[in-house]
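In what follows, chain A forms one complex with chain B and a second complex with chain C.
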Partner chain A sequence: MHKHLNRYFGLFALPTLIAFSVAFLIPFLLGIYLSFTEFTTVSDASFVGFSNYILAFTENSNFLNALWFTVKFSFVTIITVNLFAFLLALALTKKIRGRNLFRAVFFMPNLIGGIVLGYIWQVIINGILLFWGADITQNSTYGFWGLVVLTNWQMIGYMMVIFIAGINNIPPQLIEAAKIDGAKPSQILFKITLPLTMPAFTICSFLTLTNSFKLFDQNLALTAGAPARQTAMLSLDIYNTFYGKIGSEGVGQAKGVVFFLLVAGLAALQLYLTKSREVDG
Partner chain B sequence: MKKTISFFVITAIFICSVFSFTGCKKEDSETIYYLNFKPESSAAWGEIATAYKNEKGVELKVVTAASGTYEQTLKSEMAKSSAPTIFQVNGPKGYASWKSYCKDLKNTALYEALADKSLAISEGDGVYAIPYVVEGYGIIYNAEILDKYFALDNKKVSFNSVDDIKSFADLKAVVEDMTANKEKLSIEGVFASTSLKSGEDWRWQTHLANIPLHYEFKNNKANLSSDDLSEIKFEYAENFKNIFDLYINNSITDKKLLGSKSVSDSMAEFALGKCAMVQNGNWAWSQIKDVAGNTVKEENIKFMPIYTGVEGEETQGLCIGTENYICINKNASAEQQKLSEDFLYWLYSSETGKKMVTEKLDFIVPFSTFEESEAPNDPLAKEIIRYMNRDNITTIPWDFTVFPGQTFKENFGASLLSYAQGTKTFDDVKKEMVSDWKKEYK
Partner chain C sequence: METKIKPFKNLGLFFLLSILSVLFIAPIIIVLINSFKGQFYISDAPFSLPNALTFAGTENYLNGIERTNFFTAFFYSLFITVGSVLLLTLGASMTSWYLARTKSRFSSFLYYLFVFSMIVPFQMVMFTMSKIANTLRLDNPVGIILIYLGFGAGLSIFIFSGFVKSIPREIEEAAVVDGCNPITLFFSVIFPILRPTAITVAILNTMWIWNDYLLPYLVIGNDYKTIPIAIQYLQGGYGARDMGALMAMLVLAIIPIIVFYLFCQKYIIKGVVAGAVKG
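The block that comes next holds the complex of A and B.
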């Protein structure tokens, strides 16, 4: 049986391998190559060395501004998304009526596309800001918090499901024993539930981190960078560079590669941390 | 060993089959492919394709890029093996970026038919892009509301018709008095929203900016086809401010809220009779007529020039020009290039083609193959033609085709929004615009 598996390994792995190469590997390598060139269409490029990378940082401060905005944004969302998701998970693992319905309802925003969400929230936020005679393009603070609210609304449900799984995995005996020993609910929460859901926290915080870094549709639909690119995040800035100016496609591509390195670094860190925790556990 | 061999054999089979699948879709040399820029005429292009197929048996594939995404779409389509055979550039700037794809059209029948040869984009001996439509913009007004205003007893101005408005001062007096009487006129504001949402601000950062910059170029006798435009002074900034202030202070929408208004919002406001004026071009007709609950009558839709307070503007006309130049992809096969040329000439010279152009596309064309009677019948196009034929009127050309790329325009639009919202002074807007021009001009 094992021998057969080996023989047909190629056959079974091949479709995926081809799909992976066509949809990921080839475009990725082509992308790295293009970041060193000047081009209008991808099939026709001339080599220019590192100048695109230099331009990405020196031509204007857009990229660094976007990076700083993204970092601030990710920092806030990691805290809020995980906090609210955990509280919801805690509430929805208690025996309350209709908790499956609630779980489904909280999960649902995650199923709506980012562009649609962005436009819906734009209408809502502009509607609220109208009381003060303003709209979301007036001040980058509005855009920032608008994005935070939107992202929370979208991601909390997903993270909540992971937390629920984590909480449900806690052996009931532990909690029962703690109760018999006279532990207060707060002690149970901080001494048992929280430490035992730590793996879920690691997963969720890194998911939030990478998702926040890669946020694009929501950003495009909600603010599109207004006012004056102050609320443009990394992906949107890359997009704007690529299409905004004749001859700057290569610069956009270079920014894309830098962006990839950042996200890949974060993902590697996540992998390392989750793995080491698994060994400890 | 055997394992590796079988692995390679299977791989080879798979790869072959994948490639043979794509091989089946070999491009048909009997088809031509046009990448259309104008979303408002995508249905008309569909009809043209059917008509051409019936008449000449050649398959015309038309793909329309979504509004504001032509460059993106063109970039990705051009990289494909079945790339567009006919595409368009938006002027000298667009040509510069697509140079290596533009076929020399000097010996084509279409260029032969071009009435004013200087309109085409040429370089050296070659002609690489031919304008295929002439368009104009100005202030579109609803004559019914204006007449109602001129009939008011308490109006403060002495004019009795729009034709008496000859300068910015006149326009300002009328507009401000109309704002004061807006209840009586049952409008919510004189001007439709100054749409400053990003991506929707081209009416200001491009079209309106054209006027002061045209005067600046004219004043300095700048040569638009040379490269001495790397710096501007924005000498007529004050004039830009005049008209822009008039727009945002007499608008339906509070000026702090303009950042979320789109062009279609403005056109809908105009179509529903909520405002009397809106700055836009003759292409807006299709938008006005398609608004549900439209209350503006066709015969009441008129144009007037955009006055900004420049000396001698009494004779100023509309801004008429083009930013639509047709090109043929020189990397397409020789047959396809020939077919594309034939199609374009057919469209602008045959009975069926011309009918499609004037009736379906509503284009005013720069070709001598058209008789004077063969012009579109929509109210705005008729107005453009009326202005073109009026004596003693100076038409303002579309000098914005020399503006530095999209980034410059976007930044200027964003500055204008901040100005409208009160977070930036006009001096800063001007300074940033001038320095941005220098930075973005290549």
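The block that comes next holds the complex of A and C.
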């Protein structure tokens, strides 16, 4: 029967494969090629070697600034999002009135799109800064912490759901036995709950990391990089390089390839950590 | 009436969570309140309630709907999301089953190629992809559905494949003995078994495509504005924008999401857990 199935390639796999080639595969390969050329319309590409990659880092400091901003931002959000999400998950796996309603409320912001989120928080953060007569576009520190608050609001509920699933997977007998042996609540937390939710921590950390690394819509709507591109993250800087100035498309594509290598490196690290833990366990 | 949860248990925690919940909803309430204030009274005092002077009634909503063509944008968003999600669910499930059951090198090469696409950030391919979409005349609401099929195939096939492998081969063999060909086998046996996974995949893709901004902006943004694109256009130059209309459009953009959430909450939470653990 399954040898038979090969004849149905055209029906089962080909349509998806064609769409995949048009939307991803050809653009990806073409993108790598174009990063070594100078072009404005794709068809006028001329080979320039590695000069786009050199220009990406040396033409101005935008890319390195964006990289540093993104790294700082991701570092802070990994800690805050996971900490708050885990605490909420701990609270909401206890017997508490209305806990399903609480869960629903904390999760809800995650469904709202980045552009809408950005403008919601722009109004609120500008409203708060107004007490000091300031504006989010005046200082990159405001933009940084504004993005941190926004991202926390968006992602805490999502990570909370994953932590709740992790905590619910802990066999109740384990905690019962510990209680009978006279373990204090803090001992149960540090010796049982935390170690057994480590897989959830790995998942949530990498989800926060990759989401923070690739953040675009929220960045565009909240600050659009203001003041003077200081709050532009990697995605926004690549976008600005492509569409901000004619003639720098090659540099934009080179930045895109570097960005891809960074994200792929993170994914490889995650795969390695997950696999090695599975072998250990 | 007796409940399993005692009313006074963890009372302190209950109050803390209640305060946090209010803080979590506050941003949306603030936008809602401001959507009823005159556009010049929003930036100056975003935390005050409307009064006789600042109350604008439905003016912001009428203004915003007219300036963004909100109902047209809503229609494009709905059409593109529903079309893409249906096609993705069907295409990805068929491809996953085909790749899992034809054990050739080519099949596993294709599988890894699809999975690989998941880790490639959009900025790497956005320029070339939008140029190709343009050249192939896919720059319309129907064409972009094909783009979403190709771009979303990676994650969807990855999730489906995990479950396809768990379908017992005996079921398929029995169906073949009963006279099924691959087409009837897939649609009357395999797809019904995959239904829970299909719902997960559909929910994840709905959340992504409905909110997506940059892909539709680059491919069809000039002629067909979805809701996120319409809101971004409304913003215009900093300072010159109509804050009232912006607030009203933010509210209108959130309403469909809340309705969707109320109806599909159970599936959304399940989808998130499944998607996260798999991805």
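Everything below uses one rule, namely that the second predicted complex is superposed on the first by the 260 of 281 C-alpha atoms of A that agree within 3 Å, B and C clash if a C-alpha of one lies under 4 Å from a C-alpha of the other, contacts with A are read in each partner's own complex, and residues count from 1 in each chain.
To be clear about the criterion, contacts are C-beta pairs under 8 Å (C-beta built on N, C-alpha and C of every residue); 3 or more make two chains touch, one makes a residue touch a chain.
These numbers were taken from a predicted model, which means no experiment stands behind them.
K.L.:
Using the touch definition from the top, say if A:Phe12 reaches chain B (first), chain C (second), both or neither.
P.N.:
It touches chain C, and chain B stays clear.
K.L.:
If we overlay the two complexes on their shared chain A, which of chain B and chain C does A:Gln138 touch? Say first, second, both or neither.
P.N.:
first
K.L.:
Per the contact definition in the header, classify A:Val251: touching chain B only (first), chain C only (second), both, or neither.
P.N.:
Neither: A:Val251 stays clear of chain B and chain C.
K.L.:
On the A-aligned overlay, A:Ala228 touches which partner chain: chain B = first, chain C = second, or both, or neither?
P.N.:
Only chain B; A:Ala228 stays clear of chain C.
K.L.:
Quick check on the superposed pair: does A:Val42 touch chain B, chain C, both, or neither? Answer first, second, both or neither.
P.N.:
Both partners, chain B and chain C.
K.L.:
Between chain B and chain C, whom does A:Val81 touch in the aligned arrangement: first, second, both, or neither?
P.N.:
A:Val81 contacts neither chain B nor chain C.
K.L.:
According to the stated criteria, A:Phe107 is in contact with first (chain B), second (chain C), both, or neither; which is it?
P.N.:
Only chain C is touched by A:Phe107; chain B is not.
K.L.:
In the superposed model, which partner reaches more residues of chain A, chain B or chain C?
P.N.:
Of the two chains, more chain A residues are contacted by C.
K.L.:
What is the contact status of A:Ala91 with respect to chain B (first) and chain C (second): first, second, both, or neither?
P.N.:
The answer is second: A:Ala91 touches chain C but not chain B.
K.L.:
Counting only touches as set out at the top, which of chain B and chain C does A:Asn126 meet: first, second, both, neither?
P.N.:
both
K.L.:
What is the shared patch of chain A, the residues that chain B and chain C both contact?
P.N.:
Shared contact residues on chain A: 6, 9, 11, 15, 18, 41-42, 126, 130, 137, 224, 226, 249.
K.L.:
Which residues of chain A touch chain B in their complex?
P.N.:
Listed in rising order, the residues are 6-7, 9-11, 14-15, 18, 40-44, 60, 122, 126, 130, 133-139, 224-229, 240, 243-249.
K.L.:
Which of the residues in chain A come into contact with chain C in the complex?
P.N.:
Touching chain C: residues 1-2, 4-6, 8-9, 11-13, 15-28, 30-31, 34, 41-42, 88, 91-92, 94-98, 101-116, 119-121, 123-124, 126-127, 130, 137, 153, 158, 161-162, 165, 203-204, 207, 213-214, 216-217, 220-221, 224, 226, 234-235, 238-239, 242, 249, 252-253, 255-257, 259-260, 263-264, 267 of chain A.
K.L.:
Where on chain C does chain A make contact in their complex?
P.N.:
Interface residues on chain C, with respect to chain A: 4-7, 9-10, 13-14, 16-17, 20-21, 24-25, 27-28, 30-31, 34, 42-47, 91-92, 94-95, 97-99, 101-104, 110, 113-114, 117, 119-129, 131-133, 136, 138, 146-151, 153-154, 157, 172-173, 176, 182-183, 186, 207, 210-214, 227-228, 231-232, 235, 238, 243, 246-247, 250, 253-254, 257-258, 260-261, 265, 268-269, 272-273, 276-277, 279.
K.L.:
What does chain B use to touch chain A in their complex?
P.N.:
Per the stated touch rule, the residues are 3, 6-7, 10-11, 14-15, 18, 71-72, 75-76, 78-79, 93-94, 96-98, 100, 196-199, 254, 256-257, 259-260, 405-407, 410-411, 414-415, 417-418, 421, 423, 439-440, 442.
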